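Shared between the two complexes below is chain A, which has chain B as its partner in the first and chain C in the second.
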Partner chain A sequence: MAKKEVSYYPGCSSQTGASSSNMMRATQTMCDELDIQLNEIPDWNCCGASIGYGGGGELPRLTLSARNIALSEQHNPGQEIIATCAACWLSTREAKERLHEDANMFRDANTALNEINLKLNNQTPVRHMVEVLVEDIGFEAIKAKVKKPLEGLKIASYVGCQTNRPFGIAEESFENPVYLDHIIESVGADSIPTYEKKVQCCGGALAFSEPEKSQEMIHGIIEAAYDHGADLIATPCPLCQANVEIYQDQINARFGSKFNMPVVYYSQLMSVAFGRNSKDSALDGQIIRAKSLEDIAGK
Partner chain B sequence: MSDLNTAMTERYRNSFLMEVEANVEEGEWVKMCMQCGVCAGSCPLGNAWEHTPQKLFMMIRAGKREAVLSSDAMWMCTSCYNCIARCPRGLPITHIMHGLAHYAKRLGLVPKNQPTQQFSQIFWDNLMKKGRVNELKLGLSMYFKDGFGQGIKNAMANKQLGQNMMKAKRMNAMEFFGGHGIKDTSGLQKMIKKAQEIEDAKYQGNS
Partner chain C sequence: MTEVIATNQTILVVGGGISGLTAALEAAETGKQVVLVEKRPYVGGRVTQLYKYFPKLCYPTCGLEINQRRAKMNPNLTILTMAEVTDIQGEAGNYTASVKISPRYVNDNCTGCGDCAKAVSAEFDDEYNYGLGKRKGAYLPHRMAHPQRYVIDPAILGTEDAEKAKTACKAGAVDLDMQEETVSFKAGAVVWATGWQPYDANKIQPYGYDRFQNVITNVEFERMADPNGPTGGKIVRPSDGEVAKNIAFIQCAGSRDKNHLLHCSRICCMATLKQTHYVQEALGDEGKSTIYYIDIRAIDRFEDFYQTVRENPNVSFIKSKVASITQNRENSNPVLNGVDTEGYHRYANEHDLVVLAVGMQPSVDKSSFPVDIVINEEGFIEPATENGGIFAAGCSSDALDVNRAVQQATGAALRAIQVVNRVAGTEG
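Right, the complex of A and B next:
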């Protein structure tokens, strides 16, 4: 496989010591194995996420992402922007499209960028890492890299919202996307095709501001995985991962459940299956340990 | 009542729909709603709020200005994009909800102590300080938003969670003293200030 270079936008939660730093580590391991070189966008800023709308108006929010795209065009010319965080991908791609469709907004964003001598050409594709895996690498090539198949593991594919809507992955349905099931099968585990909560919202940012309402939804996401006999839940989204994993104690207290369900990233599944150890696969970043994956990684 | 709210009320006296079209992000789509109710049935927090998007769109057309702008419904949007994915007429409903919420905030009409409205502002202020979100300070600001006593109570209730996150190295106490940020903070702030001025001028032109 020829080396692929991309302009990488990791996002705030992927930084060292932040809530999805484990995703960052597993992403790096996965990309090493797949010969993908991640060239970080120099001095990238926060995308504003979805929740930024209350404080920031339309133009300030679009300008945040415009700065990242402009920096990428300047420092990593000719490389596609690749994000691993659902919100980063959504905000950046949305900004790119909105500034493409609206000439006035494009002009205004560039006026703001001009304050710091940056210029947006807006010619750079903005893609999610999953698109690279599905469209550029392919399931067969992933399968070919597997050294330790995750045999016997039953994994619920929890795609969530923003990796799926509104843009989604090409040729996938919003209501029942199957790419994550295919990744799970490619690394030798069993997917759960009828996992009905795969695109259920976890509450997103409202897990902080409306915990009762969000935890009711998260309860449903975990309960359905248990009902299907899942050993693990896998997801592409950092906020989904955190929301579904870290509140299980509180959910147990609230609902009288006894949940202890590991929630991992697709990149962790792939890292383990590609033969890398627990640390490289960031399994030490779990709050609910993924013992079954640790066992395979330690073999 | 804020000055901007007074000015907007006078200017659009007879048509709240026109006010929304001119001032709310993606507001020009509101009249395309055909009242099918798919958005209402698709919202994950549909059981928690009083006004579904479908209802809000009809209320806008009926001129229910205050009821719309002071509703807490928009603030319960989780940004799941279900409504956008399913709307048969392609209305960018999620963005209209965000736009209505932001416009209500600008006019000073948001319901008091609406937790997501508060979180949204805290999030924005947090990222503006250093160009990147400081998760530790974000969490603490949220715990302490209703005062010191309540903050300690919240922090105690979530003590185990914080300890778990630190043990997994997914939270770092040192972030309290500075923490992650971009290099060109002042440039970013200057850029956003300019963007804000352009947007403000647009509102003023409309008022």
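Right, the complex of A and C next:
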């Protein structure tokens, strides 16, 4: 297979030293195995994420991502932008589509970018890594790469909202997306097709400001996974991962539960299944250790 | 080889449901030559799949029986079943239609005895029951099917079953060598009556039709209530076969929604009010119906029917568009989540069974329509002069109940008659 070169940027939560830098490490490992070369966009900036909606207005918010697209077009010409973070994907794709539809906004964004000698052509496709896996590589090819199948593990696929709405993965149901189940099965583990909290809100940024409400929702996400006999929860989203993993102590105190459920990224599952060690698979980045994955990686 | 004798004074009717059948009979009974083309192996369409009509709660079989008898008696009417129009060329007063006829593998020697069905064993999903039950590979689509002639499913060709069916037939009616054929003939005018289909409930994702067994559609509920249906008239939960006593009906499931169908499908309010009678009839005071609705559209003479249901203490109404359905894992009960707009209360109501009152999607496909035609944004055929000698009847023209579809079809027949009379006048 010829090496696939793509343009990307890690985004704030996955950059070195940040909470989900382990996602980036596992993504890098997964991409090495799948012959995908990730070319970082130089001097990338914040995508705006959810706070971009809070203030500043539409043009500044869209121009933030427009700058990333313009930089990509300049430095990584001809390469698709592949987002590894769910929020980056939403913001970048939204910016691309809105600036495509609205000629005035496109002109205004370019006026702003011109101040820093950048020009946006807006001809670059913006996709999520999951789309590359599902559409370009395919489940069969993933299966063929597996060296250590994750046999005996039951994994709840927690998709969350950002890779699901409003764009979603083509052909998937918004209420019951199944691509993550397919990935889980491709690496030899058991999925839980009837896991009912797949697209439940994790609270997002409200985990800080409204902990009571967020933790009630997160409680449901974890409880349902236990009810189905899950060993792990897997997710594509850094914020979902953080919210569902790190508040388990507080949730246990609040609800009298005894949760100790590892929450990992699909890229970690794939890295382990492709035969890579715990470190490459970024299992050392867990707060709740994924012992079962470590065991397989250590074999 | 099928032979169709037709001239440009012939009226072609496309679709043999209640509207097409009505238009064809009305025209034929004025002495016009009519060819009726029907895709299914029998005429009557979706009306044959209804248990009862509203508002009189009488049986559709009654009206169908009359229409089928009219059809048998009329020498001016030719019915082609398992047939589809693939092309229409020409203009008002001078059309040429091409019709593809699929092999039935049973010729008109068939006496309807059913020996072929007894002889075969493989089973398939029963289309007539919307897949709720099974049928054999040699089958009569339903008890009152017209023509009363069996059908061999092409899936059994080349298997032992096909030979068994052939051997079992004493009338020599099973012909396994029958081939698909295409016939073309003339027509002066066309009545287009391809009807409707239930809106695909899988597309209304928050309601989980694709993942919760105890969420069904109103057309499936009709089959369930029918004593000749797949459950023998018992209203049961698909998950465990238990009797469903606490039933929710969700109105506007796919209708009046910019994500789905823009239009009001007009029939669903009355269909649900009717179906609460089925619950009452089957379960008495044990059966409870809850209707979740935006507003109830029971127009003019239907108001009395609505008021009667309102007075039934076993039926309650919640003014709310249900936001989502989740499932109680313990008992597979659907849980309806939303806000009751009368008082603005949030609810999470558990029911035994949910019936989605799905809307009417027109089965007119502009992209594959054989000629240029004016279709409105809802997908129905407009009564436009640009359509020439092609006139929509019934649910090809709008979302209509049976009563209004039949009236509309009679009007369409008159339009078609006017065209062929004009042709007759010029040809003198």
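Points to keep in mind about this one:
One rule holds in what follows: the second predicted complex is superposed on the first by the 299 of 299 C-alpha atoms of A that agree within 3 Å, B and C clash if a C-alpha of one lies under 4 Å from a C-alpha of the other, contacts with A are read in each partner's own complex, and residues count from 1 in each chain.
Rule of thumb we're sticking to: a contact is a pair of C-beta atoms (placed from the backbone, for glycine too) under 8 Å apart; a residue touches a chain by one contact, two chains touch by 3 or more.
Worth saying up front: this structure is predicted, and the values here are computed from it rather than measured.
When both complexes are overlaid on chain A, the residue A:T27 reaches neither chain B nor chain C. In the superposition on chain A, A:F174 makes contact with both chain B and chain C. When the two structures are aligned on the shared chain, A:I287 is found in touch with chain B, with no touch to chain C. After overlaying the two complexes on the shared chain, residue contacts for A:T235 are found with neither chain B nor chain C. Contacts of A:Y53 after superposition on the shared chain: chain B is touched, whereas chain C is not. Of the two partners chain B and chain C, more residues of chain A are touched by B.
When the shared chain is aligned, no partner comes close enough to touch A:N76: not chain B, not chain C.
After overlaying the two complexes on the shared chain, residue contacts for A:T163 are found with neither chain B nor chain C. Applying the stated touch rule to the two superposed structures, the overlap between the chain B and chain C interfaces on chain A comprises residues 174. By the touch rule above, chain C contacts chain A in their complex via residues 205-206, 208, 210-211, 324, 326-327, 329. Chain A makes touch with chain B in their complex at residues 12-13, 15-22, 43-46, 48-60, 62-64, 67, 108-109, 111-113, 115-116, 118, 161-162, 165-166, 174, 200-201, 203-206, 208-210, 213-214, 217, 242, 246-247, 249-250, 284-287. Of all the residues in chain A, the ones that touch chain C in their complex are 173-176, 194, 196, 227. Residues of chain B that touch chain A in their complex: 25, 44-45, 48, 75-76, 78-82, 84-86, 94, 98-99, 101-102, 105-106, 115-121, 123-125, 127-128, 131-133, 135, 139, 142, 160-161, 164-165, 167-172, 174-175, 180, 182-184, 187-188, 190-196, 198-199.
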